[in-house]
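Structures follow.
Same chain, two partners: subunit A is paired with subunit B first, then with subunit C.
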Partner chain A sequence: MRELAGICVFCALAALTPLFVTSGSLQNLVIMTLYATLLGQAWNILAGFGGQFSFGHAVFFGSGAYAMAVLQVKFGWNAWAALAAALAAGSAVGAFIGALSFRYGLKGSYFALVTLAFAEVFRILANTFLFTGAGVGMMVPLNESAAALQFADRSGYLYLILAMVTAGFLISWWLKHSRFGAWLQALRDNEDSAAALGVDVFRVKLIAIMISGALMAAGGAFYVQYFHYIDPHIAYGPAVSIEALLAPIVGGMGTLWGPLLGAAVLHALGELTRSVTGDAPGVNLMVYGVVLILMVTFLPRGILGGVVTLFGGRGAKKGGDRA
Partner chain B sequence: MLEFSILFPSILNGLTTGAVYALVALGLTLIYGVLHIINFAHGAALMVALYAVYFLHEQAGVNPYAALPLAVPAMFAFGYCLQRFVIGRASHGKDENILLVTLGISIILENLALYLWKSDTRTIDAPYMLQTVDIAGAMISLPKLLAFGGALAAAALLLAVMAKTDLGRAIRACAKERQGARLVGIDVEHVFAMSFGIGLACLGAAACFLLPAFYVNPNVGNSFVLIAFTVVVLGGMGSFAGALLGGLLIGVVESVGGLWLGESLGQIGIFVIFIAVLLFRPQGLFGART
Partner chain C sequence: MLDCAHLSISFGGLKAVQDVSIAVPQGAIVALIGPNGAGKSTLFGLVSGFLKPDAGTVRFEGADITGLAPHRVCRLGMTRTFQIVQPFAAQTVRENIAVGAHLRRASRRAALEHAEVVARQVGLTEQLDMLAINLTIAGRKRLELARALATGPKLLLLDEVLAGLNPREITEVIPVIRAIRDAGVTVFMIEHVMQAVMSLADAVHVLSNGVLIAAGSPREIANDARVIEAYLGHGTAARMKRQAEGADA
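Then we have the complex of A and B:
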């Protein structure tokens, strides 16, 4: 219950930011931090709670983004209907990849590789076929109204992404407290024991990847609405996959607040490097790479995990015995 | 069916590219076989080697083939230090950690290159680049033919080292039975670092053979890394003969697939094979199920 209260307080605070933060670039920073949180939450569901490390989460992001763009532009769908279809697309791609790879028992590095390969296949397909705009990409025409999920004011986008992040929080909370979540975490810690105790390992993993895929697709749909543009490299390139896994690893995998904490830390760090080095290409990501290595070396359980170990809190035993 | 006169040069071309893939994959499969990790930084390391050879040519006028004795030891030292001081320390003995650390290294290397040299695609100019050799009516460019020979020679050398030397025996011992190797007095950490070094040294050699026929930019590793994974998975993780055959096979598939489906879609054949092998035969075409 304390966690639910925490989620409510966070949402209320975030919803009030447009009242205090009026500068466009600061509002943009808040939005992009929430956006990174969403991608992190999506990855965290599968990897943090389920132990299945995906290196190609872009495959869900891109499918959501393309569903959103193609349905609106080529088929004239309403944006809200397209959003629903985008979520379904992400979840369907998740079901497809999950059914294939979990059926054949792919784990660990193999699962990471196969997700990476699927993202690459989708990138090549999007690059080739004309209905996705091929290599040129796709523009979503400007139409600023709530019915078209486009807003003249940045705060509208902030509420949109906040709603998605809140959904991510509630799903994470549910995973921590439900029977399904217990199954998922059990198979993460030891798949054979979980199966021996009667957990339907295949089904649980499949549902997890479908939820994760849908949430990631929401991120893709938001991207399209916010930037009005998508191309194969943005949609299916490695950058999104990396962004999705960085935040939970930095913040703390398999935790409720980890993705948010990680996203906030990374974006603060990104702004800091930008102010020091200017807009030199690559520096931002370079810093992220260094952070990734340092985290894995010194705080393998993320900032939250490190804090819990340090103070020996109640959660230490619960989340501590992962190895 | 396509005419033989079109198919034959395409297959030859595929074999020459495939030999370089094989060399890149040999390094990857050695690292996998011994350390049981998938080195995500492999493509980025190849990119670093390509830049090194490129700048040796542009700044110091060193012929790419003459750069071999420089690039190979340099890449070896780079790999040794990387494993000894970064990857080995960060791993805490968990596979996911190593996966993430090598991913971190590749992010750093790629973006460092982007920062230092911008995203321009660079090629070198040399008089022998456009020369071709006539093989039974098929015209194959000279640099590609040299790459084919060089890659095969390097692969043969690597196999000889693994089979005949004490170092090779120590590496194989560590790959099979880590604890046992430690018990008979093998310095396992040293052997791990040596394996990683040799793995990257293969990339040094590959870069020297590749550059005259290819290009370099900060993302060049990406196009190789998935292909190298494919080759390794296809041949069976850790199998040298498998990597060699797999490399040649993938080269041919890419080249012939490009004929049918066009440049862009032709690459799909590689990934479809990759996914299919991962799903249905993860032990590889030539590997035994463990």
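Then we have the complex of A and C:
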């Protein structure tokens, strides 16, 4: 319950930021941090809670983004309906990839490679077909109204992404306090044991990748609405996949607050390097790389995991030596 | 309750289990013993659905469950433990047991509460909030037992839950297993610790090189020449007999 209260407080604070933060670039920073949090939450569901490390989450992101763009532009759908379809698309792609790879028991780096391969295949497909705009990409025409999920003011986008992040928080919270979450974390730690205790390993993983895919697709849909543009490289390129895994790894995998913490730290660092080095492109990415290496070496369980270890966490020292 | 008929499986050229038939009657404690590499754990794998037999059938409460997936076997009421303990290391003892309890309890609270009840049964109450990874070997064995018990099984397959324990720990766990049976759970156990087999088992089956070589009450088995030879080598039984006669004379 304390966690739920924490989520409420966070949402209230984030919702109030437009009152204090009036500068456009700072508002943009808040929005992009939340956006990175969302991608991190999506990845965290499958990898942090489920132990299935995807290296191609862009495949869900891109599918959501293209569903959003194509349905609006080519089929004239309302943006809200397109958003629902985008979520369904991400989830369907998740079901497809999950059914294939989990059916054949792909784990660890093999699963990571398969997701990466799917993302690349989808990138090439999007580059080829005309209805996705091929290599030129796709523009979503300007139509600033809430009905079209476009906003004249940045705060509108802030509320949109905040709503998505809140959904991500609630799903993560549910995973920590539900039977499904217990099953998912059990199979993460040991698949055979989980199966022996009656966990339908295939089904639980499949549902997890579908939830993860839908949330990631929400990120793609947001991207399209915010930037009004999508192309194959943005949608399915490795940059998004890496952005999704960076925040939870830095913040703490399999935790509620890890993705937010990681996203905040990384964006703060990114801004810092930008202010030091000027606009030299790519320097912030180099810093991310260094941070990632340091984290994996010294804090493999992320910032939150490190804090827990430091303070002995969850009564690990209690109840001692009997047995 | 459990009926294995003519089970066989080979791994490449190795005939791990050959034509094994074992029946476990309801309410009993049945032990499966045999030298290392005899195929005992493989047989458990066949029974619990982790391995598919090349030939033979497994019937549980009359229904054919041959080749059924492990989680479905578990749902029917047969739960196994592993010889090499496999705790969910990053989770607490309470959370570990709750995973088993969730099989028949959807609510998180009910599962966590039931975990406490089961922990009391196996003597893990004081460790409830420890991370599983911090448990001693004996603690992990108890945890393995507790998790399986939490699924509410009718038949429990215990794969060497006493291995690696010291004599005092063994005498602590034996009554726990007996109490589980007395509560109505049938037990089928692989065990090396003869003290436990002798005091617990109603019937003992002996597996050697994948073949069932003897079956009977614990006392019969302990005096069976084939069993002694399987453990101690060819000709041992005759030599022991001669020595015993020599001592008498």
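In this section, the second predicted complex is superposed on the first by the 314 of 323 C-alpha atoms of A that agree within 3 Å, B and C clash if a C-alpha of one lies under 4 Å from a C-alpha of the other, contacts with A are read in each partner's own complex, and residues count from 1 in each chain.
FYI, contacts are C-beta pairs under 8 Å (C-beta built on N, C-alpha and C of every residue); 3 or more make two chains touch, one makes a residue touch a chain.
Predicted, not measured: the structure shown is a model, and the values here were computed from it.
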Query raised in the report: Who does A:13 touch here: subunit B (first), subunit C (second), both, or neither?
Result: neither
Report task. Count the residues of subunit A touched by subunit B and by subunit C, then name the partner with the higher count. Result -> B
Query raised in the report: Should A:178 be classified as contacting the first partner (subunit B), the second (subunit C), both, or neither?
Result: second
Query raised in the report: Touch check for A:186: first (subunit B), second (subunit C), both, or neither?
Result: second
Report task. Return first, second, both or neither, reflecting whether A:195 touches subunit B, subunit C, both chains, or no partner chain. Result -> second
Query raised in the report: For subunit A, which residues lie in the overlap of the subunit B contacts and the subunit C contacts?
Result: 323
Requested in this report: Give every residue of subunit A touching subunit C within the complex, in rising order.
Outcome: 177-179, 182-183, 185-186, 189-190, 192-201, 254, 314-316, 318-323
Report summary line: Given the complex, residues on subunit C that touch subunit A span 48, 50, 69-71, 74-75, 79-82, 86-92, 95, 98-100, 102-103, 105-108, 111, 123-124, 126-131, 134-136, 138-139, 142, 147-148, 150-151
Query - subunit B - residues contacting subunit A, complex - result: 37-38, 40, 86, 89-90, 92, 94-97, 99-101, 103-108, 110-115, 118-119, 218, 222, 226, 229-230, 233, 264-265, 267-268, 271-272, 274-275, 278-280, 282
Query raised in the report: For the complex, which residues does subunit A have touching subunit B?
Result: 53, 55, 100-101, 104, 106, 108-110, 112-114, 116-118, 120-121, 124-125, 127-128, 238, 242, 245, 249, 280-286, 288-290, 292-293, 296-297, 300, 323
